[in-house]
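Written out below as C-alpha cells is the structure these notes cover.
Labels run A, B, C, D and E following the written order; every chain starts at residue 1.
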Amino acid sequence: MSVVKKILDGYDSDNAGTLSNIYKLLMHGKLAGTGKLVILPVDQGFEHGPTRSFAPNEKGYDPDYHFEFAIEAGLNAYAAPLGFLEAGSRKFAGQIPLILKLNNSDLLMESSNPCPAVTGSVKDALRLGCCAIGFTIYPGSTARNTMYEELRELAFEAKSYGLAVVVWSYPRGSELSKEGETAIDIAAYAAQIAAQLGAHIIKVKLPTDFIEKDDNAKMIKKYNIPIKTQADRVRYVVKSAFNGKRIVIFSGGASKDLESLYKEIEAIHEGGGFGSIIGRNTFQRPKEDALEMLNKIISIYKS
Amino acid sequence: MSVVKKILDGYDSDNAGTLSNIYKLLMHGKLAGTGKLVILPVDQGFEHGPTRSFAPNEKGYDPDYHFEFAIEAGLNAYAAPLGFLEAGSRKFAGQIPLILKLNNSDLLMESSNPCPAVTGSVKDALRLGCCAIGFTIYPGSTARNTMYEELRELAFEAKSYGLAVVVWSYPRGSELSKEGETAIDIAAYAAQIAAQLGAHIIKVKLPTDFIEKDDNAKMIKKYNIPIKTQADRVRYVVKSAFNGKRIVIFSGGASKDLESLYKEIEAIHEGGGFGSIIGRNTFQRPKEDALEMLNKIISIYKS
Amino acid sequence: MSVVKKILDGYDSDNAGTLSNIYKLLMHGKLAGTGKLVILPVDQGFEHGPTRSFAPNEKGYDPDYHFEFAIEAGLNAYAAPLGFLEAGSRKFAGQIPLILKLNNSDLLMESSNPCPAVTGSVKDALRLGCCAIGFTIYPGSTARNTMYEELRELAFEAKSYGLAVVVWSYPRGSELSKEGETAIDIAAYAAQIAAQLGAHIIKVKLPTDFIEKDDNAKMIKKYNIPIKTQADRVRYVVKSAFNGKRIVIFSGGASKDLESLYKEIEAIHEGGGFGSIIGRNTFQRPKEDALEMLNKIISIYKS
Amino acid sequence: MSVVKKILDGYDSDNAGTLSNIYKLLMHGKLAGTGKLVILPVDQGFEHGPTRSFAPNEKGYDPDYHFEFAIEAGLNAYAAPLGFLEAGSRKFAGQIPLILKLNNSDLLMESSNPCPAVTGSVKDALRLGCCAIGFTIYPGSTARNTMYEELRELAFEAKSYGLAVVVWSYPRGSELSKEGETAIDIAAYAAQIAAQLGAHIIKVKLPTDFIEKDDNAKMIKKYNIPIKTQADRVRYVVKSAFNGKRIVIFSGGASKDLESLYKEIEAIHEGGGFGSIIGRNTFQRPKEDALEMLNKIISIYKS
Amino acid sequence: MSVVKKILDGYDSDNAGTLSNIYKLLMHGKLAGTGKLVILPVDQGFEHGPTRSFAPNEKGYDPDYHFEFAIEAGLNAYAAPLGFLEAGSRKFAGQIPLILKLNNSDLLMESSNPCPAVTGSVKDALRLGCCAIGFTIYPGSTARNTMYEELRELAFEAKSYGLAVVVWSYPRGSELSKEGETAIDIAAYAAQIAAQLGAHIIKVKLPTDFIEKDDNAKMIKKYNIPIKTQADRVRYVVKSAFNGKRIVIFSGGASKDLESLYKEIEAIHEGGGFGSIIGRNTFQRPKEDALEMLNKIISIYKS
C-alpha cells in the first residue's frame, strides 16, 4: 500500500475528504493498492448518440448494464453523465466508485472550437453518492476561458465538499492542426494545464511522436527529450503533470484490434502511466469478450 | 398497478416527492394505472399566436376551457405556459395534474437556430400547484448549450422540491436537414440527450424512416435495427431512452384526418410508447368531437 | 361594483396583495367602480427627450406637474420612470396610484431590434409606494428573449410583494413590416404573449385592419373573425387576451385632432376595451384643455 | 440657508442618509450655503494617462496633492477613482467630502461606442468615507444599456446606504455627430436621462447652440426656446433636469485662457447652473495660480 | 526598518490585515527590511507550456523544486497558479510568502486582444495560506473591461480578508504597436491604471525610450521629462505610480546574458524601483548558477 500512500503525498494540500475519495478510487477493484486505475466511462450516448454507441452491443442501451459491468469487471470506477448515474446510483449504491461527468457535447451541432454544455452540478454528484466530478476542457478552443472558468468554480466547490476532480484534457481548436491534437508537445501541455487548474486525476489521449510547435521541437531536440516510443511519450506526459505528482490516465480512442490495444497498455505501464479509461472498447463488445479483455489489461497493469 | 410500480423503479434515485408526482401523473384520469398517459398541452397561443391557434374553436381563447376540457376528457395532465395556468389553477385546483411549461418561443422572430425564452420559474410551478415543470430543448441549434444549461438548473431545482421534469426534445438547427428533424436516428438521439440531462418524461415527435447521419445508417444496417414500421421506430426511440426506463410520449403535429391519427396511436401503443401529447388536434375541434376522439385514443391505449 | 368583482375573478390565482393593488387601480378616480381605466404615462422625457416632449407645454418639464395633473383629472393612475416618481412620490403620497416603469429606451441610439434598458427595480417600486410595475416588451425584436426573461424575473418578484404587473406590448423588429407593427393579427398576438407572460394589465396600440401573416389572414377569413371596424378590432384583441380575463388598455399614439381621438375612445368602449393610456395628448396641451379632453373621454367610458 | 433647504426639497423622496450627504456637499467649503458647488475631479490619470495629465504640474503625480489642494481651495468636494482615494482618504479623513468615481475608461483602446469599466464598488465608497458615488454614462453609445443598468444597480445600492449619486452624462456614439455631442438639444436630453435614472447631481458639458435633431430644432423654433447665449443654454439644460429640481453642474473641458473660463462661469451662474466641476484647469496649473483662479470662480458664484 | 514603515504609509487606508501581509512580503528573505523585493514567479508552465519552460532545467517540472529554490535563495515571495501552489503549500507552509496567480493564458489559442482565464479564487488563496493574490491585466486589449472588472471584484474580496493585491500590468492589444507595448509612456500609463484599480504591488516590464503616443511625446519634450537612461525610465514609471507611493517591480523578460541582466538590475535600483520579479532567468538555469545569480542581484539591491 506504500505506492498509494506515495501518490496521496502529491495531494498534500487537499482536505481529508478529497484524500479519502482519491484513496477510495485507488483501493477499489482488482487493481486496489497497485496505484493503477482502470475506469469505465460511458458518455458516448450523449456524445455520439445511442445508435453509434450501443448498437454493437445492445445491452448498452440499458443504464444498469454499465454499473453491473464495471462491478463485475472489478474496475476502479464508473464515469457517466447525470441521466445514466441517476438511473442506477441507488440500486448499485456503494458497489462501485462513481464519477459524475459534469459537461457534455453532442454531435448534432459541431464546432471547430468546441465548448460542452454543463449538464450536472456538484450537488448532483453529492446526492448520487459520487466520489468525484468529471469535466472536459478543450485547450486550443476559442471557448477555452469559458471551460477553464467553469472548471475553476466546479472544482472549488467539489473540493470544499471533499470530492475529487477528474479532468479530461483534449486539445482541439481552430489554431491546432488535426495531427497536433495528439502531438506529444500538445499532450504534455494539456496535462500541465489540467494540473495547474487543480485537477487530481488527468485524462489525456495517447500522444504520437508528432510535434506541433517549432519552439517545442527545438527544446525536445536540444535537451534530448525521449519521445520515440509510446512508453517514452507516456513518461514525458506524466512528467509534465507535476513530475508524476498528478495521476494521469490514458484513453485509447475508437475500437481497434486487441493486440494493438494490449501493446498500448504495456506502453502506458512501462512509461509510468497510472492507468486507462476505456469506454467503447468495452461496452461495444459482448460482455464476456469485454471482461476477458479487461482481465488481460488488468494483468498487464499488475505485472 | 404493477405496471406503474415497474415504471417507477426506473426512477429509483429520485426522492419521494418526485416519485409521488410521477405516480400522480400515472394514476390520474381514464388511463390511471395503465402505465400510459395522454396529456393536453396548450402553448400554441404563445408559440403560433391566438389567431392560428384558437380561431378554429373559439372557446380556446378562454383559459378555463382547457382546464375543463382536460378534466372532462379524463386526461392525465394539462401543460401550459405561466399565463394560462395562472388564469385557472386556483379555480380548478386539484382536479387535474398540471405541468408548467417554463420556456416558449413565438413566431414573430424566427431563427434557424432557435432558443426559447425562459418564461416561468420552478417557484411559479410550486405556487400554482403543479406536479411537474416542462421545458423544450432544440438539440442541433447553435444555442443548445444555453438550453441544456437552463434545463440543468431548472431540473435540479425542480427535483429538490419533489417536482417531476418533462422535456420536449425537438431536433432543429442549421446543420440538420429538414427531413433530419424527424429522422429515426435523430429522434433516438434526441430522446437519449433528454434522458441524460435528467428528464423523467420525454416528449419527441413521431419519427420517420429517414436516417440523417451516415454513421448511424451503417449501424442500423449492420445490426439489423428494425425501423421500417412506425411501431418499430417507436420501439427504437423508447429503447434509446435508457432501454424503456424513461417515459417517452409522442406528439402528432398538425391536425390531420382521424384515421391517420388513430393509426399513429396504435403504432405508438404497439411499439411500447408510453402515450401521447395532443394539442391542436384536440382544442381546435368542437368539444364533443374532441372528446369522442380522445375516448377512442384512450381505448386504444387501454387495449 | 360587481363589474370590478368580475374583473378580479380573472386574477383568481393571484395573492391578496396583488388583488388589492388591481382593486386600487380600478377603484380610484372618476372611473372608480366602472371597470374602466384612464392612465397617465409620462416616460417621453426619457424616450423622446425633453425638448420634443415638454416644449409644447412647458409645465411638463416639472415632475410635480404630472402628479398634480393626474390627481386633478381624476385618473386611475400615473406611470413614469424612476426619476420622475422619485421627484414627487413623497409629496403626493397616497393621492394617486403609481406605476413605476422599469425599462426605457432613448432616441440617441436607435435599433431596428430594440431592447430597452432596465432602469428601475421592484424594490424601487416598493419604496416609492407604487401599486404596480410597468415593463415594455417588443415582440418581434431579436432581443425579445432578453426582455421576456427580464419581465419574468421582475414580474415574479413584483407578485411576491403583492404588486400588480402592467406590460406595454409593442411588436417591433427586423422581420416585421412597418404596417405589421399595428396589424390586427400582430396586436392580438402581442396581447396574448403579454398575458401568457403573466401580465395583469396589458397595453397595446390600437390596431389597424392590416393583416401581417398569411396564415392569420386565412384563419380570419375562414372563421369570419370581424375586424372591419375599430370596435371589432378592439374586441378581438381583448378576446385574444384570455377571452377578456385580462385588462387590456389602448394607447393612441401621437397627438391628433380631438374628434379622431374621441372616436377612438368610443370604439375602444364599444369593443369592450378596458380603457386608455394617454400621454402626449394630455401633457402637451394646456392644462385646462387637457382636463376638458379627459373629462370628455371619461364621460365616454362612463356612458 | 433657505436656498439649500429649497434644493433639498427636490429630493423629497430620498432617505435621511442621502439628504444628509447632499447637504454635506452643499455646506462644505467657501460656497457653503450658497447652493453652488465647485468640485475637483481627478480621473485624468486613468482616462488620459499620467503623462498628459500630470506633466504640466508634476505635483499632480502624487495623490496627496489633490486632497490638499481641494481642501486649501475650499472646494465642495473631491472626486477620483479607487486608487487615488485609497491613497489619501484616511490621512485627510473628514477634511473634504469625497466622491468615488465608480467607472473609468482609458485611452489605450478607444471605441466610437464607449463603455467604461466598473472600477469600484459602493462598499468601497463606504469604507473610504465618501458621501457620494460618481458614474459616467455615454447616451448614444450602443453600449448604453450596459451603463444604464450598471448605474441602476449601483445607484440603488448607494441610496440604500444613504449615499448620494453623481452622474457624468456625456453623449457619445456612432449615430451622433461630433458637434452633436455638445449640441443644446442633446445636452438637455443627456441631463434628462441622468435625472430619470435617479441621479442627484448631474454633470454635463457646456452646450453650444448647435441642434443635432431636426425634430428638436422644430420645437425650439416653434416654442421660441432661447438658446442663443451660453446663459440661455445653461438655463435650458437646468430646466430639462426636472425644472431645476436636480443639481446640474458643468465642466469646461480642456485648459483655456482664463478670461474665457471666467466668462463661462458667469454664464453658468447667470443661467442658474449649480456650479462647476473643474479638473485639468486646476491641477495642471501651478498651485498658486490654480488657487487664485478658483478664488475668482468662487467669487463669481457668490456674486 | 524606517524604509518599510515609509512604504507602508502609502497604503494608509488599508486594513491591518493587508498591511501585515505587505509587511510580511517586505520583511522576508535576504532583502528583509531594505524596502526591496525579489519575487519568483512560475506560471510559464501554464503560459508557455511545460516543454519550453522546464526542458532547460528539468527539475522545474516538479512543483517542489520552485518552493525549495525560492526558500533557499532567500527571496521575498513565490508566485504561481493554483495547481503549483496546491502541490506544495502544505509541505512548505510558512517558509516562504505565497502569491496565488488568479488568471492565466495559454499559447494554444492566442489573440491579438488577449484575455486570460480566471483560474483561481480569493478563497483558494486563503486556504493555501497565501499573503496576496496576483492578477494580470492587458491595458489596450478590447477585453480590458472584462479584466478590470474581474480585478475589481477579486481585489475587493482579497482586501476584505486582509490579503494584498499584486497586479501584472502588460499593455497589449490591436491598437498598440509592438514597440508600444514597452514604450515609456505606455509603461507609465500601465502603472497608473494598475494603481488606480487599487493594486498594492505593480509589476511592469522594463520600458524602452520609445514613445507610442504623440500627445505624450509633446509633453515629455515640453516638460523635459528625463527618459534617456534605463534608470530615468524606471524613475518615471515609479513616479507614475502615485509618486512612488505604490511598490513597482520590474520583469526582465526572456533569458539573456548575465551582464545585461545585472545592468538592468542596477538601473532599477538607481531609478528607485522596488525590485524584480524573475522567472525564466532563474528556473531555466542550473540551481547553483541561479542561486549565484540571485545572490548577485540581491547584493545590487542591498548596495
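What we mean here is this: a residue touches a chain if its C-beta (ideal position, glycine included) is under 8 Å from a C-beta of that chain, and two chains touch if they have at least 3 such contacts.
Just so it is clear, the structure is predicted and the values come from calculations on it, not from any experiment.
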item	value
Partner chains that subunit A and subunit D have in common	E
Minimum number of chain-to-chain touching steps separating subunit D from subunit E	1
Gap in Å, rounded to a whole number, between the CA centres of subunit E and subunit A	36
Subunit B and subunit E: spacing of chain centres that average the CA atoms, whole Å	58
Residues of subunit E engaged with two or more neighbouring chains	none
Ordered ring members, subunit C first, subunit D second	C, D, E, A, B
Residues of subunit B touching subunit A in the complex	10-14, 139-142, 144-145, 148-149, 152, 156, 171, 173, 175-176, 185-186, 188-189, 191-193, 195-199, 213, 215-216, 219-220, 222-223, 225, 239-240, 242-243, 245-246
Interface residues, subunit A side, partner subunit B - complex	45-46, 49-52, 55-56, 58, 61-63, 81-91, 104, 106-110, 115-121, 123-124, 128
